[in-house]
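Next come two complexes built around subunit A: one with subunit B, the other with subunit C.
This part shows the complex of A and B:
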């Protein structure tokens, strides 16, 4: 994708979300995360379990109050005190698709009431007939039929439920959708169905996605750019093809080496980078670079200094001392 | 192998027309949660018999006294301690409903009451036990209704506020509950009697103060669980107000637990009242309560067993049937039992 003056839709700057866990213990789920999302693109966010991907998504959409930093949506600050009217208009622009299709639909409500919830809250339909028309239209958009409107969630399969969740988010005509691991609870065959639906909707409606997942191949398939998270930090961010072909950060390299290749010849000789040790506790993360305890290239400086967020190549950002030219020349001089 | 000799050709086949609509079609009849629950409840024999007994006792408690021309406090010393005597059934000897007491004396003949029938007999002051038992049942049912109402109003509201707002509010509200649970019920009732007279009012107040704590805790737990459910979060991201989240998402989902909890609170409240009346802290004479009837009757248990028998049977029936119904409702409403 050519870099031709893309319009920034969402700007996340030094976002922090800390949770208090017990006395004097703070869990830094998200610490100093910054990235931009451009209009019409899909930004993938990957990382292992517990690295703060979901917390990032939930903090952006105000489900959690941010501890620090700011999120700007079309030039307007998302967090902080807001009037009811501002909040409502914000809620219409930004929506979320959830991970667990079995927990994301209220079991006591019919499908039509679930999908129409946004319509009811924002008063988007003048009368009952218009409301039903909208619901039918949305059901057909996500590939379900009218007869499903009066049924209850337990009568549907996981994939169907996830599509109902998408229809609910679409009901308020959002511009930006945060998809929080929308496919990780589904069968592989159904995953493709849901991802294709999401891509089709993006094309038709010009949606922008923040796609959170841990399935690397699926993220590559759907994303224009990909960010890699480790222990509450973003360690690398680049165009999806570039990142997958030439990962710079040692963590990304290890992560990508885990993807199986659909070619037995290559697969046989594929070398995996096995990381040693476990994910450190986010309550007391390592000093300096958070990845240094498991990094095969760890240097002395990694323990003392936090790596800078650098543009190593055009559009390819990485936080690692290996690519800090200033630091490297300094070392050589010594 | 002659069956296979027949040649297969295209004429034998017809294309199956299957539109994309059919692919996602659900043929099963759509049933809501409550329809399912009702079906499961009525399949449960214990729950159904419990329900029937409760309805029967409810009807008798209010219609029963109308069958007799005596009031519950009409005394008449000429007809004291009469054993039960029921028309028609008096001819069936082994039932013991013929007005003959345990010494073999026909009390009705002796006390010149040949034309009268006291179905449950009379007590030491000649009051019609049948009327008194149903009056006492009315008190028990009043207590049952009161316990359920207090649970529903105070317990649910308290638990919902505590769980939904969380944080400091929750912390303070839970400490208050712990203090209330720490005070024994009997102490609260005795303190109430110091201020008010013994009677239905002091029991009512004691229950208002302490009766709702279990419900509040259960509702709080449920709300805490639901608060982090994704469908609630989805509603938040859509911009729903707290009132909408509570009424549309939370209450329909905890209604099952609320019903079950109050079904189990009711028998224990009935028993508490009967117990208090039995030890003399509850209903004061001449008003009858099942507990005070048993108390009066058990003094002459060996000579006039009918005075204890009927109120005791009624208490047991009420408690067993509420428990059976509560069990049935729990099975019917528990989503984990869903087939």
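This part shows the complex of A and C:
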């Protein structure tokens, strides 16, 4: 894959989202996160509960106002002041699918009204007939049928509800979809239905995805590149095969070694890196490298200096002092 | 006697406004001393109801064990009085639930909660119980247990709370430990710690474990035998190797092939179309027939018999009838070194 030729759709630079929690306490949910997303690709975002994945997604789509940094979409600043018209067009082109297929659909609305909400807001249908045509087409696209249009969410299973959520996002013909744990609440056999559907739609419509999840094998399956988050930082980013075959960051290494593989023989012979301790609080994260309190390779410098975001290999980025050549030569000279 | 626990033709129903929900329909299971058995299956397939029926933790007013026996060391638990059951629960058989917060009392110190069971079942003095509580916390890997027994659950992280729950469950050296999704609410790195701990404890204490999960990776990691549930019935059971490397039931094939494999090239996942059966009105034939790509007329009409593939491997599927056509499992269902 020739990375240079690809066109950037979204650029995230030094994104910060801090929450004020109680007296003088600030929770740095997202702190200096930078990455690009290319047109037509899927970028996966993984990491443990509370590391800031959802907050990153929600800040990008402006559900939260950023504390700092910037986001550009096709070269245009997303977070700066915008006219209503620009805002509306931006809202149409960027959509979000949520984790909980139960909570994210209004129980009192019929499926057709849920799906058509965006069509109405953006005036995408000239009349009622055209509106219904679009709804039917969308239902079929996601593997449901016309007869479902006038039913209510509670009459559907989890997987079907997630399809409705996808149809709703697709209704406004977006270019970019942020999918926040779209399959976590579903059974494996149903997860596969939804993932296959998302991949098919991407092919047909050239969609770009930010796919947030904590199931690392599913993320690898769907993503072209994967970013790993820890306590509000991105610690590693690479093409998915490369990341899974040669993880560089000690946290990524531990994370990958911790996933149980559905193969008894592999499990019996596998060496696992078991991390000591628990996730520190994001209100008072460790100084220097945030992972150092659990890192099996931590050095003195890790407590005093934040690691730089380095391109350790072509297209493979990591924030860890182990890969900082300057630092290592400095150390040797001392 | 090898089997410490035996379920024979267990049927459990719930009486609801909508009618009778036949949640568990004719389950046969056995657990040998010191072994670890996993129950896997789709959401709603009856895993939790089966395990709660063993513990007699089902709502008394709305549920009913309609048929069958549950033998613990030869005694039928379904026939015991509540008082007799009370003695067994928590001391001989104990259970861990998915959400560690709901199984801990937020208003009581962690130490008190561990000591409670000890004092109830084992007649220990306060000091003896305290000493044992400290040892248990040490056993499950909580640092500074002497100090931490005086803390409340909210002062512990999610992974540590689950360790406390395990400590409570193990307090009286139970012969059987039922763990219902013990790591589902936890992050992978913490899950790895807990699985490690459970494996270690099983070796040290010889407790037999029933592990309920929907994560086949966890099964491969921890269990010697597996039972696969679907629509309130057990459709396949065998040693972990048999079920992963030589699966016979189409639902097991579907389960194995809908999971992405970390080491395989990106193929389309094989999704199982459709949704599980409605247990208010369960199908009279094979519960999987409506979603099964190989279903024949007989599958719709009649419940398949259990066929012995080996002495340890059993499957309930019409494909194993000698009159049925030969069907090979899909390639996507072949795990790693499947032969």
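Convention: the second predicted complex is superposed on the first by the 328 of 334 C-alpha atoms of A that agree within 3 Å, B and C clash if a C-alpha of one lies under 4 Å from a C-alpha of the other, contacts with A are read in each partner's own complex, and residues count from 1 in each chain.
Everything that follows uses one rule, which is that contacts are C-beta pairs under 8 Å (C-beta built on N, C-alpha and C of every residue); 3 or more make two chains touch, one makes a residue touch a chain.
The structure displayed is predicted, hence computed values, not measured ones.
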Clash or fit (per the criteria above) of subunit B with subunit C on subunit A: fit
Apex subunit A: angle to the C-alpha centres of subunit B and subunit C, given in degrees as a multiple of 10: 70
Which superposed partner A:255 touches (first subunit B, second subunit C, both, neither): second
Subunit B versus subunit C as contact partner of A:172, first or second or both or neither: first
Partner chain(s) touched by A:187 [first = subunit B, second = subunit C, both, neither]: second
Partner chain(s) touched by A:65 [first = subunit B, second = subunit C, both, neither]: neither
Contacts of A:96 with subunit B and subunit C, given as first, second, both or neither: first
Shortest span in Å between Cα atoms of subunit B and of subunit C, once chain A is used as the common reference: 6
Common interface residues of subunit A - those touching subunit B in one complex and subunit C in the other: 160
Of subunit B, residues touching subunit A in the complex: 20-21, 24-26, 28, 30-33, 229-231, 233-240, 244, 248-249, 252-253, 335, 338
Sites on subunit A touched by subunit C in the complex: 48-49, 157-160, 187-193, 195-196, 199, 214, 216-218, 220-221, 244, 254-255, 257-267, 272, 274-275, 278-279
Of subunit C, residues touching subunit A in the complex: 42-43, 157-160, 187-193, 195-196, 214-221, 240-241, 244-245, 254-256, 258-262, 266, 268-273, 275, 335-337
Subunit A residues touching subunit B - in the complex, by the definition given at the top: 58, 61-63, 87-88, 91-92, 94-96, 98-100, 103-110, 114, 117-118, 121-122, 143-145, 147-148, 150-152, 154-156, 160, 165, 168-169, 172
